[in-house]
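One chain, chain A, links the two complexes that follow: it is found with chain B in the first and with chain C in the second.
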Partner chain A sequence: MQEYNFAYLDEQTKRMIRRAILKGLAIPGYQVPFASREMPMPYGWGTGGVQVSAAVLTPDDTMKVIDQGADDTTNAVSIRKFFERTAGVATTTVTGEATVIQTRHRIPEEPLKEGQILVYQVPIPEPMRFLEPRETETRKMHALEEYGLMHVKLYEDISRHGHIATAYAYPVKVEGRYVMDPSPIPKFDNPKLEMAAIQLFGAGREQRIYALPPHTKAVSLDFEDHPFEASKADHPCGLCGAQDSYLDEVIVDDEGGRLFVCSDTDYCTHRQEAAR
Partner chain B sequence: MTPLLSVRALTKRYGPHIGCADVSFDLWPGEVMGIVGESGSGKSTLLNCMAGHLVCDSGQVIFDTRADGPTDTLTMSEPARRMLSRTDWAFVHQHARDGLRMGVSAGGNVGERLMAVGARNYGDIRDTAIDWLGRVEISETRIDDRPTTFSGGMQQRLQIARNLVTGPRLVFMDEPTGGLDVSVQARLLDLLRGLVRDMGLSAIIVTHDLAVVRLLADRLMVMKDGHVVEAGLTDQVLDDPQHAYTQLLVSSVLQV
Partner chain C sequence: MYVAVKGGERAIDNAHAWLAEERRGDTGVAELTVPQIREQLGLAVNRVMAEGSLFDPDLAALAIKQARGDLIEAIFLIRAYRTTLPRFGSSLPIETAHMACDRRISATFKDLPGGQVLGPTFDYTHRLLDFKLAAEGQVPPAPVAEAPAGDVPHVTSFLNREGLIEEAVPEDRIPPDLTREPMELPADRALRLQSLTRGDEGFVLGMAYSTQRGYARNHAFVGELRIGAVAVEMEIPELGFAIEIGEVIVTECETVNQFKGSKTEPPQFTRGYGLVFGQTERKAISMALVDRALRWKELGEDDEGAPAQDEAFVLYHCDNIQATGFLEHIKLPHYVDFQSELELVRKLRREAGAAFAAMQEAAE
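Up next is the complex of A and B:
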């Protein structure tokens, strides 16, 4: 059998992606177009994230893949297997031990450190897509910093629900310049966007890469009289008792019984072990 | 006194065809100018060139900006022109659908311009929206409804409210009453006349309906084949047309 090139993509492609990543890091929040490749998985499964991960991986890296915070769901398992096979890198489920973390829709609970890279899978990189469908127009709006439309979305939320009901993919303004879609992470995670690790965002179908360098300011948009609130379910975790982590609601029987558990499985497991 | 808008030798060609040629005029503060002519006479081209929606071939459109005085808007930087078009300028489209966001509630439509110039207080934005809906005779209870549920006349009034909310000084209107039935037209004209007088707006109205300009416009320009063939005070032009085409236009109006 023919061997794969390290991390599946050929070197020229990785070079092209790295160039896009560097440009993204130089202009935080700006969506850099790149020539996204066909990957051996369907769009929507993280083709963008996988390409970014492939471009930043080195043989010495330790990789962790999470899907909605969990290490053991289909998406996470298949992508982890993919890199085990094509790159032969070490993998882990422990947040603190990983150097590259590819994530779908969550930021790990444990604060990330300098030297780590967090790679997001992004379905729709354009925060204004559903308000202004023309890409030519949204690009111009980004270029000229015309972001009034973003607040129209929040206005609509308040007028319909009485509060800002956008619970995920909550838009942030990066370093006072570009408005960015932080991928569909819950807004609970928004304050964590200002971190010590490098954050890279890859959208495969939409062919865009953007990035947040360490300690970049990312302010969630809001109104003076309806300030941003990082919300979560008002319960402790049913397994580890954590008060401060983002929770999934799990239906446990057909009589309305439900359980709230940490969506970050690694965090929850560690807390349970420590309690024992 | 400086004119609010001075147009100098504005020309726009579509290949070998003339869109509008060598149009010059001054618009003074508080004045309403009508542009009439048949379909294809270049009146919409002229309006779109002045508003910056079309790139014209030559000429100047000098607007008396608040900050820097008279400035040629055609050579202005794009951010500055777009800023102008959402603060001091307004554009009322013939079809309200072109000027409204149909997927956004009436309140959001009115509030968009406010938010675009930096309003960040939900309560204030909503109060202003309610005030403006009242001014264009739309019930406050419809504030959270989408324009898709509005009638044609209401959509047009909403479009006007959305445009005037930032207190512009110059309004471009492209057939504002086109496609509305006569009683709705009459109400809309009445409303427009009131708003223009109350706010001291200057406006340029493109229409083929002579009744509209008779009611709204102080001055009139008649266009044919891309050229201005006659200009003057509205009543003067309509009651004593000099150019053959104007005479034809005035005599073509059906008398009921």
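Up next is the complex of A and C:
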């Protein structure tokens, strides 16, 4: 059996991906087309994130992989194992120790620092895809900065429900220019998008990469009289008592009894240890 | 708690071990060998090679064995392997005019130079279960005829002489490659054909069938269908000339489509084209019909709003590896997003309930 290159992808492919990443960093929020490769895991399971991680990883990196905020969900385990095997990099579950964090659907609770890279797995990179299915049209809309359709959608939500009925993948405007899909993170995480770390977004099946350089402004779309609100379940964590973290609801018995616990397992574990 | 999602490493390993056992099945039954699959499940092998975009019957047979006969899974294995292979260069275009045909039929002429050669086809079999096969019956040798000398000419070339069918002008340009460049629309015909030839057989068939039933109907005749081996030649820079590096079996279908003319084109027949690895004629015919439907713009036809005319719809959805991956990813945990939806729905219901109560109070 032939050995694979460091982090699976060949160097040519990595260069191609790095070029796309650099372009994405130069034009924050702009979706850069890239020639996504078939990866040994299915499309929709993080192939975009995996390709971006493979392109930025160096042998000295320490990697953390989370899915739904947790290090031990099956797909996070599978992707972490993939990089352990193909790149031989050190891995960790501790947010502060990781230099590259690949995530699906969450931003860690602990603020990220300079020198860290957060890689998102993105299913549908186009924030307006469900308003306009045609890529040729949405690209034009971005080029002309024509985001009226998006505002109309949000307005219709308010007139119908009294609220903007988007709970996750809540669109943001990046540095006053591109409207961007932050991937399906809960809108609770949106304020954290302005951070000190580099954020890279990879959509494998849709062949797009985009990026937020450190401290880039990412404003959640809203209206003056209906300001954006980052919401979460109105409970403290049942394990560590945190009031400020995003919570999962766990059904604990047949009567529908519920327990609310931190979705960020590393955050929760550290708080529990500190309390002990 | 967390039992359902937090299986972690051990659960994955155990699942894989069980899968391997299931793949093998009852050990009292002899194990399938890769050569058996290659020789006796040839059409499955062909489909895996075609949609996997890699002509290698042995690897395709291995993939089918590993995938427990799930062809899309086998195609996925081949694609993931293929993408790691270094690319040394590209071959010259294959010459299907020089094909050693196993099968060659035309529906537009009763007889024609080169003849109608049925070849190994299911076409006129009666679909009755052959219970003798269950008893592993030996097959008597099929009668053998002399292969005709010389090339079998393409049917469309006859029509061309009268100017009855549109010219297919050869292009010198290197065609785009969607496995190396991101697909960007509008796509030219070469890119559409590449996408279709590796597209899902079922999807392309369904699209083609929809054109026959009136969604952008294009009145296709099978001008010619040919299946056989063609030489693959490559120019070696050190030698300065092309040498034959191997042989592939392909199915080629050229449809002849009625065309009444448009603002820009005179009345004449037009073409649809299908070319697929292996003996894969259902796919090749489907591909030709969809190719023709997608050409509406360059021929100045009307956009009927039919799915098969919609390039973005067809090309973005015909790849079964992309489709199956994204479809099946909804098995992955989504509880964070679901949680945020739960909060929202509860809030909206609370408010709707309060508003309803207030309305009733006002009415009383």
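Quick note on the criterion: the second predicted complex is superposed on the first by the 275 of 276 C-alpha atoms of A that agree within 3 Å, B and C clash if a C-alpha of one lies under 4 Å from a C-alpha of the other, contacts with A are read in each partner's own complex, and residues count from 1 in each chain.
Everything that follows uses one rule, which is that contacts are C-beta pairs under 8 Å (C-beta built on N, C-alpha and C of every residue); 3 or more make two chains touch, one makes a residue touch a chain.
The structure presented is a predicted model; accordingly, all values stated were derived computationally and were not measured.
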Q | Partner chain(s) touched by A:232 [first = chain B, second = chain C, both, neither] | A | second
Q. Can A:149 be said to touch chain B (first), chain C (second), both, or neither?
A. first
Q.
On the A-aligned overlay, A:131 touches which partner chain: chain B = first, chain C = second, or both, or neither?
A. first
Q | Chain touching more of chain A, residue-wise (chain B, chain C) | A | C
Q.
For A:259, using the defined touch cut-off, is the partner it touches chain B, chain C, both, or neither? Pick first, second, both or neither.
A. second
Q | chain A residues contacted in one complex by chain B, in the other by chain C | A | none
**Q.** Partner chain A, residues of chain B touching it in the complex
**A.** 78-79, 82, 86, 101, 103-105, 107-108, 111-113, 115-117, 120-123, 125-126, 143-144
Q. Where on chain A is chain B touching in the complex?
A. 131, 144-146, 148-149, 151-152, 155-156, 158-160, 223-226
**Q.** Contact set on chain C toward chain A in their complex
**A.** 1-2, 5-9, 11-12, 76, 79-80, 82-84, 86, 179-186, 312, 316, 321-322, 324-329, 332-337, 339-344, 347-348, 351
Q: State the interface residues of chain A toward chain C in the complex, per the touch definition above.
A: 4, 8, 10, 33-40, 42-45, 47, 67-70, 72-75, 77-78, 81, 104-106, 123, 133-136, 161-163, 165, 167-169, 184-188, 205, 207, 231-233, 246-250, 252, 259, 263
